[in-house]
Every structure is written in C-alpha cells, then in structure tokens.
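Multiple structures are listed underneath, in structure tokens.
Both complexes below contain chain A, partnered by chain B and then by chain C.
Let's look at the complex of A and B:
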C-alpha cells in the first residue's frame, strides 16, 4: 500500500501536500463538493423537493393528477383545524404512542438485564428476543391478526374468554399495541444490552468492596449509567410510534378499525391523498404532521444540549 | 502505517461488540432462576412464529376449525404448494431481493462519500447543507408520503423499479452516522498519507474506508433489513402485483379476497425466514450493526 502510494508522487503534488494545512484545505475544497454531490442529488430530489412541493401544494386545491389547481391560501389549514378526523386520528396516534413507549422501554430494559446477567446460552436468548424485529411489519401484523382472531385465534383459546379484540373499539388499539411490542422490542433491547455491556466492570467491583448490595448497585450504578441510552430509546420510540401505520392498517384489513379507533394520522393523510384524491389538503395535514415530528426532534436536541451544559 | 491502521481497527471495534464468551460457571440458584425465566420469555416470543408454522401445515379448513388446536391433525404442505403454484410469491421474493440489494449498495456508497465529505473536506455552504441533512432526519415517507408520491409521479417513476428504489436511497440518518464516525478517525493517519503525496480520493479509498469496515457493515446491515421489510413506500408507489415486494404483496394481494390463513402464514414465513436464518449465522455482526446504528443517534 505504502509503496504504491509513493510511486505516484508527482513532485508538484508532493510539495502541495507538504505545504501544510491551509493548502490541504484548499485541495479539499475542490474535492469536497464531489464527495457530497451524489448524496445531495438524491437528497434534493427525494427529500427537499417533496418537502418544498408539499408546502406549495398545501396552499392549493391540487388533485391526484396535479392538474387544474388554483391557489386557495390558508383554506386547507383552516379546514384541517376544524376537521374532526384530523384530531381523532392524531389522538389515535398519540394514544398508541402513550401506550407503546413506556411499555417498550421498560420491557427492553428488563429483557436486556435478563440477557446480560444470564451466563449460559446468551446468543440463544438474544436470538429469541430479537427475532421478531426481523419480520416485515405486515407479516407481524398478519400473525397477530390471526392470533387475535376472535373465533379461531390462539389468544382467546389460551387465555379463555371471547374478547372481540379486533372488532371492538376499546380493544382494537390494544391489539395493535401488543403486536408492536412483540415486533419491535428487540431493537431497544439490543440498545440496552450494548449499553449494559459498556458499563465498566470496575465500578461494580468498587461498589462491592464498599459493601453495596445488588439493589444498591443497580440503583446507583446501572440506572445512572443507562440514562443516556434511555433518552435515546425514548426519543427513537416516540418518533417511530407517532408515525405508526403498517401494523394498524394490516391488522384491520386496510380499514380504519372499529368506529375509526385505529385510524392513525399517517393513514388519514393517505386516505385524503389517494382515496379522496385531495392532494392539496393531504399535503397541508402532512406539513402539520411534519411540524409536530420536527418539534419532538428539536425538543430532544434542546434537552440534550441543556443537560450537557448543566453537566459542565 | 499499515500496522497503525490495523491496531486502529481493533481499537475501533472493541468497545461496542457484544461478545458471547462468558467463562463456564457452575449452576447457582440465581442462574437457574434466570435461565427458567429466560426460557419462559423466549417461549412467549417464539410462540407466534411456531403457531404460524403449524397453521401453514394445516389444510385451509382445518386452520379455521373451532375449537382451535396447536398441532395439525393431518400434516399437509398444501398451503406451501399453493402459494408457489398460484401466487406471484417467487416474483415478490426476487423483487424484494433486487430492491434491497440495490438500495443497500447505493446507500452505502452515497452515504460513505457524503459522510466523509462532510467530516473532512471544506466547501462553500457546508454548514447549511449539514443543517439540511439534520432536517432530512425528520422526513420519511410516513410524514410526507403524498408530496413524495406526486414528485415521483412527475418523474414518471410510479410502478417502476426506479420509483421503488431511488426514494429509499437518500438516508440522512446514515450520512449522519458515518459523518460522526469519520470525524472520530485520527487525522494523523490521513495527514501522513497526504505528506506521502496521496490525494483526497486515494486517502479515502485506501485508508479511511478500510478503517471503517465495522461502521459500513453496520450501516449496510441496517439498511438491508429496513429495505427488505419496508412496506409503506412500495405500497404507495406500486399496485402492480408483478412489481410488488414480499411485505407488500403478502399484505395486499394475499389479504384482498377472503384470507386463506394457511397460505398467508406460509407466505409470511417465506418473507420473514430469510433474515432470521441469516441472523442465526451472522448474529454477532447484525447485533453489533443494529446496536451501532442505533447508538449513533446518541
């Protein structure tokens, strides 16, 4: 490797390179654009442009063909604020998030503690806890649709009773939540497991020497050391859960669920866009959704920065 | 130089790997309790998959029989034969494979280049662009599906492979992860090569990329899983059964006219098993990959 590098040294380039950081920076200046260019092209086409376009469309009455549109000002946004389905579907997504996030965080932590402290067959437990995450969302959803099936499903068979899981509005979202927990807890579990293994062993040894029992070690070492990872798990889960769509829609046969109780916000935007062909209106509520997601993400950054500054 | 590079690879790997190797220890009461607990929990996790497998080996009439039962009375591969004979499942499988491989290849090359460009080179508007990438972290087909669809529609890519693949290829998150990683590589390694007269590109390909193998593997693995399992975007961009991917075809076509449960379970297992089998063999890399990409969000 070194020899081939040396053979290509042209005198002029060698001098340039040796001349120091400023020259190097200039050299980088020429190439930097090219490094970033392929990504930027894709990013501009498929992220930035749709974002701008969505913003523009949200002020028009565009239909699915994109033709014959006229500017309608803030009408779409005004309509959205008065649209009960906007609030209902937003509420459904929020309800789902409220149920999933705490459960997944606690479960993932407990599973990671279990897999971390067990001494035999670690790989096997890891495989079992993580395997569902490798399934496509739709497969997980079909599986649980089948398990929750009131007549022939295993859930009612095993636990008894005839709970109408998928057809009663007070149970439907719970069914979606259970499916989601089973399907995605493995991801957060892995994050916790990696974090647990990253805690230096000498902390525990020192604590043991000082006579701290297992409970104290957990409360005073493990939990504080996991604070960052918990913040991360919470943030990732909140952002993902607010965007729930796949499981809910597949478990309910692509319908909004009993009395619309599992219609998520994403589902509503797609209904407006692709079923009612109201692209302008769908864009407006998508932009509202984008603002909500961005607010959550920015809130997390702000919290992180505050904590860093507080720590100094 | 090459030795320095090697030691750095080791050092880079060490802190986050999840190792299996624990010294053999005697069974203590607490270990017995933990093992029993883990067995019970694993049974709960695996039961739905086992149930799917048994269902797929029943006949359609037996599958919906009341009262339900775990094991098939008559073991039959009818459902499996049916999905191969009548359905497009092999098509979907190939489509999934093509799409995921293409997406992974493009994402890896594009985000490695961009991550390095942001971490190590200077150019006009870099900070503005970095800010845009951070904004991109908040955009997904779930958030902006309808405008993204009309954009792809304008480009005439609805119902095409391109339309399915390209919009999955601008992952701000992966660029950000690799950007963070490249920033952590000691500059001295590169500077030594610059003094030897190597240019940016040579440094990138011969020094930086080999050092980044674990991170690139992580990004690649995560991208492949995400793309193989992606439902929402293929669902929006095509309703041509010949173009569908596994998750998409199973969810829409197989669900559309009276669900045949045994076939649906067989199809679901077909979609899920490849990754699970791969996982059994490449467990350590995949676990490290998923944990690494996730942890990079810290």
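Let's look at the complex of A and C:
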C-alpha cells in the first residue's frame, strides 16, 4: 500500500529536482561542497584510502612491519579459498546471523507493541528496552561474562545446573547471541515503536466500526503497515550481525572460544593480520568478506525492487 | 610560565618584596614539576639526566607494579640515566606496535618479548643483537644462565634476547585438603608422584577429602593456551619431538601424543575435572577449597592474596621424566638504524641491572633467569617459589621455529585440537593425527616477515 504510493510520488519529485538542478548546480556546489568537505576529507582518509590500500595489499605478501613486500598476484585469494579456517569462521558468523536476526526482529516487535500499548509508565518501558543499547560493547560483554559464569553467575543460579556457557562449543555461540539480543534489541525496538506511532489511528477506528477484533486489526493493519520497517530492521541486522566481533571477542577473553566455536570472520582477519603478521593475506580475506557483505546488501535491494515492481 | 617568573625575579638586581615572593612561588612550582617528572621519568631534561632510555614493556597488574619498583630502584642508583618506560597492552597489540616501530625506525631503546617469539620476529632486521661485552661490563655473563635457556636466546650464533625470567606451569595444591586426604609428606609438601597410576590414585584420595560442589582439579580444559602448554609439558616428559634438526620433516610422534591426550582426557572422564569449571573458574574453586589446580606461576600472588594454605610443584612427572612448560620474558633491542651511543649503553645497563635485581620479580611467581639469584637466602626463603625452582632445569618448550611462542600461531592452531580431545569432541588418536597434519602445514608455511619457511630460515640453533 504505502510502497506503491511512494513510488508514484517519487518520479515526479525527481523530475522537479532535475529541472532545478541545472540552474542550481554550480551555486549549489559552492555552498554545499564546503559544508560536506570536512566529512569528505575524513571519509576519504579513513574509509576510501584504507579500502583502496587494502585492495592493493591483498595482492602482496605484505607483513606487519611494512617492509620487504612483493607482488604475489592472486596467491592470497587462492589460499583463502582453500583455508578451512576461512570457511569455519565464515560459518560461525553466518550461524550467529541466522540466530540473531529472526530473534531480534520478533523481540523488538513484541517489545515495541508492549511499550506502545501499555498506558502507565510508558517512559520507563522505553528506557528499559533501549538503555542497554547505549552501553559500549565491552561493558555489555563483560556483564554477560559474569552472568554466564558457571559457578557464580546469575544464569546458572536462576535456572539451576552447571551449564558451561562460555567453555563448551555447543553453548558458547548461544551465550554470545543472548548477550547481543539484550544489548542491541533497543535499536530495532525504537524503529518499531516509531513506526507503530506513525500508523494513523483512524485506520483502527474504521476497522473497529466494521467489527474487526484485536487479532484482525493486528494482522490486517499493524503488520502490513510495518512491512517497510521490518525490511529495514532485517537488512540492518543482517549486515550488522555478519560483522559480529567485539562482544564475542571480549566474552571469550580475546580467544576464539572453545574449539574455535566463536571465531568470527572479522576475528580471523584480525588474527591473520596481527597475530600471524600476514597483512597481505588478511587484506585478501577482508576483501572477500567485503564482497560477500556487498552481495547481501545488493541482493536485498534487488529483492526489494522486484517486490515493489510486483506490487505496482 | 613559572620558569619565566623565576628568571625575572632572580635576574633583576633591585629585587623588591613582591618580585621576590613571585620568584619564590615560581621556584616552588618549577621544583615540584621537576620532581614529578623525575618520579615518572617523563622528561630527561626536567630530571637533569644525561641519557634517556626509552623502554617498552607489556607488564600490567602485579607484574607491572614489580617492574616499576625495579625501575625506580635503578633510577635511584643511576640518576644520570633517565628511564622513560611505557606499558603497552599484553599480547598481539604489543608485538604489532613493536614490529611497526622497529620497521619505521621509531623503536624504543629497550623492549620486552616472550623468548619463544624472538625467532619469528626477524632477528637481525627488526631486532638488534646484544653487545655481550657491554653486558659483561655491567655484570651479566652467559655462565649465569641455564645453558638451554641461553641457547634459546641465540639465533644464528648471535644473542638477540636477554632472559629476565622463566614462567612455568605449576601444580598448585591445598595443604589443608591434602593433609586430610593423607597426601601431605612430613615436610609439609605434596607426596611425590612418578606415574600416571600414582597421579590418579592421588586424585582419588583427594576427591574423597574434597567438599561437595568442588571439583578435584582445575585444568583450564577449554582454554587453548593452557591445554597446549600442558600438552607440551607431558609430551616432553615422554621424550617427544616436533621437527628434525633442519626443520624439514615433522617428527611428531602420534602414539606419544595420543598417550598425553588420553591422560588429559581422563581427568574429565573420571570426574576429577568438571567441564563446568573449565576456565578461570578453576582458580575460584581452588580458593574455595578444591585440592588442585594447574596454573601458571603468575597465580602465586593471587593465591597469596587469598590467604590460603597452599604449595606448588612443577607439573607431576607422570611419564617418568621431569618437565614442565616454560616460556620466558626477555629483554630485546628493537631495531634502530643508528643504534649505539649512550642510549644503547643505557639500555644494556638497565637490562643488566634488572636481570640481576629480580628478587622483587620473583614475588610475582616468575623464576629469575639470573641463576645466582636462585641460591640467595632471600630467594630460598620464598614460598612456594623455592619449591618449584627446580623447573629451571626441566623446561619443556615449544620448538624453536618462527611460528612458535606465547599466544603465537602454533598455539592458536594446535591448542584447539588439544581442547577438543580433552573435552571429548574428538578421539585422542584422531586429534593426535590432526595435530601432526597441522604441524606439517605450519612447516610448509612461509614466515610473513622474511618470506622463508622454517627450514629456509636456516639453522636457528
């Protein structure tokens, strides 16, 4: 519904903009250009340049000290495709993503519904759900490291048993997932809450008059109206989850977890670059990772466009 | 501003009261600033020292405290040398910074490294050799060190590291619990163990005397570093080897490795080590009354602080021969294109001084590498340090190849395999074979620092 409305408006807006742009282009750059220059300079220095440099290094055997570097062509890429640890760590990152994304989306939606409909102490609910997101990753991870402590932690105290959360390969990643849910659900929760508040009340009133019960209103009004925001939450979560690193590393005391079970792709890149000193190889695998993430992002855009065209 | 005021006040002949007071105030401020700078060694000029030695280390916590105390003692004894020390984060970040600084010719005059990592740190290019004569001038000679330890510091016939200590894996035991179990000798020390069966008998008796809810032994069963260190110790007890002398062939013995892995695994299967307390929880359990924990000697201050009755021996020689895992903190000279002169001599003097005055260092549990220290009455009085000092003569170390060393690639690749066997997700014999194939891969791998394999790196011994 809303998507098709937007696509109808968008082209006309674009046409107006294009007409005005020819007149304003020169003048516009003079003013706007200077405003964005500080950002562009930093962006070029800290994003574009490292990216290009990393691309170049991925074809070399550069080490951490930066001297005695020679060109090795595609050797690094060939080695990466044969490296079981590349695939294992990629699998770990994918497994994490697979667990986190659906959980966080559903949880954020439920919490938003709760905060939206509860009348008393609204601010308190919002604060509670959002506050963990404001913590630095190290703080969140350390907190959960304590909670998951097998002997003295609260989790085993409350649920009983002596589950080795952080030291058994079948639980370790789950522990990281639980920490991540608690820590980051607030962001998606806020997106959902804003979207819920943006649904016009008259839709619900009209439905009520037509005799729709709460369930019908949810399925036929709330969920469809939240479709866009769900797409956004999913996309952001997938991209963020694939890049999981800090909380896993801190929870496992900077080791790759029991039997390497929480070694994420980013962590493996770091290990190769800064423990093994193989900067060239680390660059190559981070370029591979970059391509994978870009492919996921592009696939999402492509799916979205197809859906919009189908809906028109 | 303060020195400027001071200059004005003192330079003017017609000194009135107001200027005098201002001058006096300025002097006090300048004086206190100078004093503060002297205390931290922040600025050679402020302290009036002629030579400045920049020194990077990775010691924090109790070790950091002891190191600073030793530096302060050096400063007091040598006011003409200003030591500017920087403590950087332990582990990979430290080595990364050291390598980049050495390559970029911004290296400090003196640094600290784990001895096992020296071979892989491109000695000759990123590290400068020690001047043995200069060291001798300040009282440090090869004869004062364990020969095996000294050999590890020599690459291609040249000394690249000056060992400060060795730090070893120990078997900590609770005297109160062992006494109850009848496992404490008349000398107040744990009964001697010389075979696998004896060791498990000891565990069996100890378990009976252990409070409910506590495991019998903590052994970091899920930690890839500790499990690897324990493996190295017991594999060495069995006389196992890693590579041939030329580093061209893997001589790793899978039968012996299987024996060790089965031994480690049995602690879990027989119920002495609880995977639920696999990590740092092992030390907590020990403090709460668990009879045994295998830990690094750096846990000595922790258990001292917990005020428990305990002792510590090297890992038990269950395979008949004494050997426990040892790594070593050593001083190195990071590469400087123009190394030499007073700062270089100062670095030699500082390192030699600290190596010879490591009594305080021993409080952190480490065994001083400078052997004359070990026979002093003061050291002999230290407990449990004097109980495990024999570990100096029975060091089990990683092979001397570029990929070895504390938290290096070798531990990172092979450690998880040991863990998988100990925790039961892989059969010991399969894990041993997998270790061997990993060693084969590593031997074929090129050192990123110089593009050479271990074999091409030449005779490092």
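Definition applied: the second predicted complex is superposed on the first by the 278 of 312 C-alpha atoms of A that agree within 3 Å, B and C clash if a C-alpha of one lies under 4 Å from a C-alpha of the other, contacts with A are read in each partner's own complex, and residues count from 1 in each chain.
One rule holds for everything that comes next: a contact is a pair of C-beta atoms (placed from the backbone, for glycine too) under 8 Å apart; a residue touches a chain by one contact, two chains touch by 3 or more.
None of these values were measured; they are calculated from a predicted model.
In the superposition on chain A, contact of A:134 is made with chain B only, not with chain C.
Once the two complexes are laid over each other on the shared chain, residue contacts for A:152 go to chain B and to chain C alike. When both complexes are overlaid on chain A, the residue A:164 reaches chain C alone and has no touch with chain B.
Number of chain A residues touched is higher for B, counting chain B against chain C.
When the shared chain is aligned, chain B comes close enough to touch A:53, but chain C does not.
Once the two complexes are laid over each other on the shared chain, residue contacts for A:260 go to chain C alone; chain B is not touched.
In the superposed model, A:35 lies in contact with chain B only, and not with chain C.
Applying the stated contact rule after C-alpha superposition, one finds that A:78 touches neither chain B nor chain C. Once the two complexes are laid over each other on the shared chain, residue contacts for A:246 go to chain B alone; chain C is not touched. Judged by the touch definition given at the top, the superposed model places A:235 against chain B, while chain C stays out of reach. Counting contacts as defined above, chain A residues 62, 64, 66, 151-152, 253-254, 274, 279 meet chain B in one complex and chain C in the other.
Note for the complex: chain C touches chain A at residues 91-93, 96, 99-100, 102-104, 122, 125-126, 221-225, 274-279, 281, 284-285, 407-409, 412, 416, 419-420, 423, 425, 446, 448-451.
Put simply, chain A touches chain C in their complex at residues 61-68, 70, 149-152, 162-164, 166-169, 253-256, 258-260, 271, 274-281. Those residues of chain B lying in contact with chain A across their complex are 1-2, 15-16, 18-20, 22, 25, 31, 34-35, 37-38, 41-42, 45-49, 51-52, 55, 63-68, 106, 109-111, 113-114, 116-118, 120-123, 126, 129, 132-133, 135-140, 142-155, 166-167, 169-170, 172, 175, 191, 193-202, 204, 206, 225, 228-229, 231-232, 236, 246-248, 250-252, 255, 261, 264-265, 268-269, 271-272, 275-276, 279-280, 283, 287, 290-291, 294-295, 297-298.
By the touch rule above, chain A contacts chain B in their complex via residues 1-2, 5-6, 8-10, 13-14, 17-18, 24-25, 27-29, 31-36, 38-40, 42-43, 45-51, 53-54, 57, 62, 64, 66, 111, 114-115, 117-132, 134-139, 141-144, 146-147, 151-154, 157, 182, 187, 190-191, 193-195, 197-198, 228-229, 232, 235-236, 239, 243, 245-246, 250, 253-254, 266, 269-270, 272-274, 279, 282-283, 286, 289-290, 293-294, 297.
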